[in-house]
Every structure is written in C-alpha cells, then in structure tokens.
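So that you can tell them apart, the chains are marked A, B, C and D in the order they are listed, and the count of residues begins at 1 in each.
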Amino acid sequence: MINYITQSFPNFMKKLLIVILMVLPILSFAQTKPYLTAADAERITAAAEAKATAEGWNVVIAILDEGGNLLSLKRMDGVQIGSIDVAQAKAKSAVFFKRPTKVFEEAMKGEGGARIATLPNAVGVEGGLPIFKDGIIVGSIGVSGVTSAQDGIIAEAGVKGY
Amino acid sequence: MINYITQSFPNFMKKLLIVILMVLPILSFAQTKPYLTAADAERITAAAEAKATAEGWNVVIAILDEGGNLLSLKRMDGVQIGSIDVAQAKAKSAVFFKRPTKVFEEAMKGEGGARIATLPNAVGVEGGLPIFKDGIIVGSIGVSGVTSAQDGIIAEAGVKGY
Amino acid sequence: MINYITQSFPNFMKKLLIVILMVLPILSFAQTKPYLTAADAERITAAAEAKATAEGWNVVIAILDEGGNLLSLKRMDGVQIGSIDVAQAKAKSAVFFKRPTKVFEEAMKGEGGARIATLPNAVGVEGGLPIFKDGIIVGSIGVSGVTSAQDGIIAEAGVKGY
Amino acid sequence: MINYITQSFPNFMKKLLIVILMVLPILSFAQTKPYLTAADAERITAAAEAKATAEGWNVVIAILDEGGNLLSLKRMDGVQIGSIDVAQAKAKSAVFFKRPTKVFEEAMKGEGGARIATLPNAVGVEGGLPIFKDGIIVGSIGVSGVTSAQDGIIAEAGVKGY
C-alpha cells in the first residue's frame, strides 16, 4: 500500500502524509483510556481469594469497572449475606472517589466526622481500594466478610495481583 | 423397629442397610442446612408478644428467614407506623450481619462510630437478634415500638421461645 | 467401620448407636434443606461461559442462592452494562417465582398479558432459570447480553453443569 | 357518679349537662372512622389460612390498614418467596384504589390495557381485596402463592372472616 501511495502522490504530499500517519496514533491515544478486562477481574479476584484462603478468612470480593459497574462478584462459603452489598458499596466508594475507603474511615474519626455519612456513595469502612493503571483509574475492588482491617489486607492482595 | 429389621432381612442385607443409614446423614449434612418453619415463626412471635403484653408494651414483631425474606410480621394495636419498617430493618441487619443490632449500637458510640451508618443494611439500634440452630443462622427477629432497650428485651424473649 | 463398631461395643450399646444413627437423618431431614455452595456456583458459571464462548456470545452470568442473594456474577468483555442488572433481575425472578422467566414471557403474549408487569420482581424475558436439587429450589441463574433466546440457551447450559 | 352529679347541681344545670352528654358522642363520631385492630387482622388471616389449608394451598397472607401500612403478614411453608412482595403489592393496590385487583386484571384485557401498568401501585392480578366497614374502607387483604383465581378465593374467605 505504501508503494502505491509513493507512486501516486508528488514528493511534498508524500512527506506530509507520512507525518500525518506518524502523528495519528499519538492523537488517537489522547482519546483512549485503559480499562479492566474480564481476565483482569478474574486475576485480581483470584489473588484476593488466595490470600483469604491462606488466612482462613471467608469474604465477598467485588470488582467494579471505571464507571462503577460490576465486573465480577464472588461470595465464598459461609459469609454473612450482608457482605454482598457491603463489598459492592466499598468498591463503589473507592472508584467514585478515587481513594481507599480507609481514607473516609480516618476522616470520620475526628470531630464532625459523621458528615462523611451524608455524602452519597461514601463508605467509611476499610476494604475498598481504587485500581489504577499508569495513573488513570480503571476500577476498584471491594472486600467484606471479616474485620475491616482484614478486608483491607485481602483487597490489597487483590490489587497486587493486577 | 430395629428388631423388625433384624428379623426380616438376611445378614448381608442388614449390614448394607445399616451402612446406607449411616452414610445418609453424612451426605445430606454436607449440603443441607436447618431453616425456620412457619410454625417456628409463630412460636417465636407468640413468645415475644407474651412478653410485650406482660410489660404493657405495644410493638411490631418481624421474623425473617435466613435469606432475609419475611416469614411473618405482627403489629400490635397503637404502635407508631414507623415501627413497621424499623422492625424489618433491625431483623434484616441481624440476619445479614449474623449479630445483634446492639453490637452496632455499641460500635457507634466510640470515635468514628458513625462509619457504621455507611454500611448498607446495618442498623445501630437495639431490637434485632439473629436466630441460630446448631450454630447455623436460620433467621432473625426484629422488634420496634418502645425504647430500644425494651425492644431488645422483647426480641430476646422471642428467641427464647424458639 | 461397621466391623469396628460391632467389635468394640457391647451388644446393648451397639443397638443404641444404631437407633441414634437411624433417627439422626430423620430429625435433620425434617428441618434442613439443600443449598448451593461457592463451588457449585463456579461450576454452573463455567458451564454457562463455556457455551457462550463456543457460540461467540458475550454475556453477564449471575448466580443467586435460594434466598435471592447473589452468590457470584461474571461479566464477559464487551457486554452492554445494562445486562448487569438484567441478569440479576432474571435470576431473582426465577428463584422468587420458582419458574423460568420464559414462562412469564409466554404469559405476557396473550390477552391481558401485561398484568405480569405489575407483579413485583417478575421479569418477562427468557434467560432466568431456577435451580433445583431433589425437587427443592436451591437458587437460580440469570443470563443477559445476547438475544433472550440465546440467553436462555446459555442459562440452560449452566444448569446442566450443576 | 350520676348520683353525685344529680345531687351537687341545681335542676337547670342538670338538664343542660345531660343534653351535652348526649350530644357529645354524636359530635365525636362525626370525626372518627372505623379501623382494623390487631385482633381483626388475626381473625381475617385465620379465616384465609383455614381456607388455604382446607384446599391444600400454601400462600402468603398480608393485611394492611386503611393507610396502606402493614398490620400483619404470614407466610405458610413452601411458598415461593416472590409471593411475599406480591401479596403486599396486591393488598396495597386494593386499599390504594378501593377496589379488588381483579378489576384491574379485567381492565388490562382490552385494547390498551397495559396502561394500568403505568399507574403507581396498581396491580392487575387477582388476590387483593379492600375491606370495608359500614361503607368506609378500613384496610385490605392480599394473597399470593397459588393461581390468581385461587388467591382470590382465599382472600374472599379472609374478608368473610372479618
């Protein structure tokens, strides 16, 4: 195809075309964003579950995409059913506010900290972590089932598996 | 019954039958769980109502199954209608998190305790109790109508009636 | 095991033990029911996904327990995000009404069929199937992402994998 | 007490007092309305359940007050859990629109009948009945679990028990 182009255009036009073709991908990159695939969600979940199993902790693991929509959820045996919603709420909070839910938990400790409870979708309990790629948010993980500190450890193991 | 079996079967059949009868519960236990019946719900409600009547307290009594679905609800005369949802919310919290709502009430007293309010379905007011059978959760009771401490006393009377 | 018991216990104790072992399953059967485990959910999902992949169809697969609570959810790449809720709604309808959502789809075709739309949690689109064990409902599968007939084929493949 | 009053007031005052005492209940009746008590709800439910048991039908029976708020709910064993919400929805429709849900079911059969589905709280499936006393609405019953015609029969038996 290049040969065909080289023959059918005059020299100046050829050079211009080549410059455009080289710049194109850079321009196009400017309008794409990285995102989590189903395989990513599976790998993150597996890493989290491996840690949970190793510790003997049973939890719910939820993975959301960058729009806050569920990619996958896995409930291990014997987990309280309240954790199904809590894991998703933690993950939603993490991706909606681009920060770990532990940040809100800390913010809620001081005077007037209950104000966080008035923010839609904010969860002030550890166990939700945003997931980044090259500094851009691509989704989140939410874990619930054991203590919030333990939920946080499992969530971290999940992110490391990404 | 044993004698009847011992006499009417040849030796080999007897042993086979005994092996089957011994293995049966193991197989069934492996993937079955206890649950509340309508009669259980009625008995628990009656015990709670008896206590409420004895104390001159009027309340709403809700019984949920282990999946958080309503088995029965009874509203006594003169109770504030807000208690209809509160009783169900307390019961839902108790079965969803496998713990009395009083545990959340206590947790909300300390520094940063308002974080509990950010957990979906968590209720931080006494009056909701999980119901267990052989250590396995089978449902819950939620009571609302008087003070939370009194609601708790009625709920406890209900569980004792199980 | 039988021999070991027969030899190590006196006659009276043997008979007592046998009576206990025979009564045990009856007692437990009276108030226990089968349920889906995390491993069951995984196997059902894998069977559904294998069919979807073989056909080149991308879908969301949701598995609920017998109480209508989420056991697992998996979203394959490229699926419309609307299918996340649709798959769960189909599964909820199937377990809530103990019937395939296709039954409601058919019922909605005749005169006055729109009445189904006024029933809470009823979904009139194929792709949701209840899951039974020994005639007792243990949960459901909900599939969404392609045509409703294709969603139904995948759901069926999932149930067969149970 | 009457004797005490007769002795301590002069004749004219006595007569005035008696007139006031006679008019009082009429005045007060002008601003009261009949309502269902907990005992009424229990009696209605018992009548409905007796019919259901006699027919071998298992259902959910919900009784609402005249404000559409739950007075009592009873789920018999083995009923699909979807019926918990459906029974309440039927009862709500019946008291909200002061008519049996069967009226909406009929209305949905003609051309454009699906418009009923766009009315908040309207349910177009038999099994919900308003309950009247002296021509004034006092509440409703909603039944779900078997066919809608059978649900309707049970609801009617309940109302007759009032």
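Basically, contacts are C-beta pairs under 8 Å (C-beta built on N, C-alpha and C of every residue); 3 or more make two chains touch, one makes a residue touch a chain.
None of these values were measured; they are calculated from a predicted model.
The greater number of contacting C-beta pairs, out of the two interfaces B-D and C-D, is seen for C-D.
Averaging C-alpha coordinates per chain places the centre of chain C 37 Å away from that of chain D.
Inter-chain centre distance (chain B to chain C, centres taken as mean C-alpha positions): 24 Å. Rounded to whole angstrom units, the spacing between the C-alpha centres of chain B and chain D is 29. Along chain D, residues 81 each make contact with two or more other chains. Chain pairs that touch one another are A-B, A-C, B-C, B-D, C-D. Note for the complex: chain A touches chain B at residues 80-82, 85-86, 89, 93, 104-106, 108-109, 113-114, 116-117, 122-125.
Listing the residues of chain C that touch chain B in their complex gives 1-2, 15, 18-19, 21-22, 24-25, 28-29, 31-35, 37, 65-69, 133. The touching residues of chain C, when paired with chain D in their complex, are 67-68, 93, 95-98, 111-112, 114-122. Chain D contributes residues 37-39, 41, 67, 69-77, 81, 84 to its touches with chain B in the complex.
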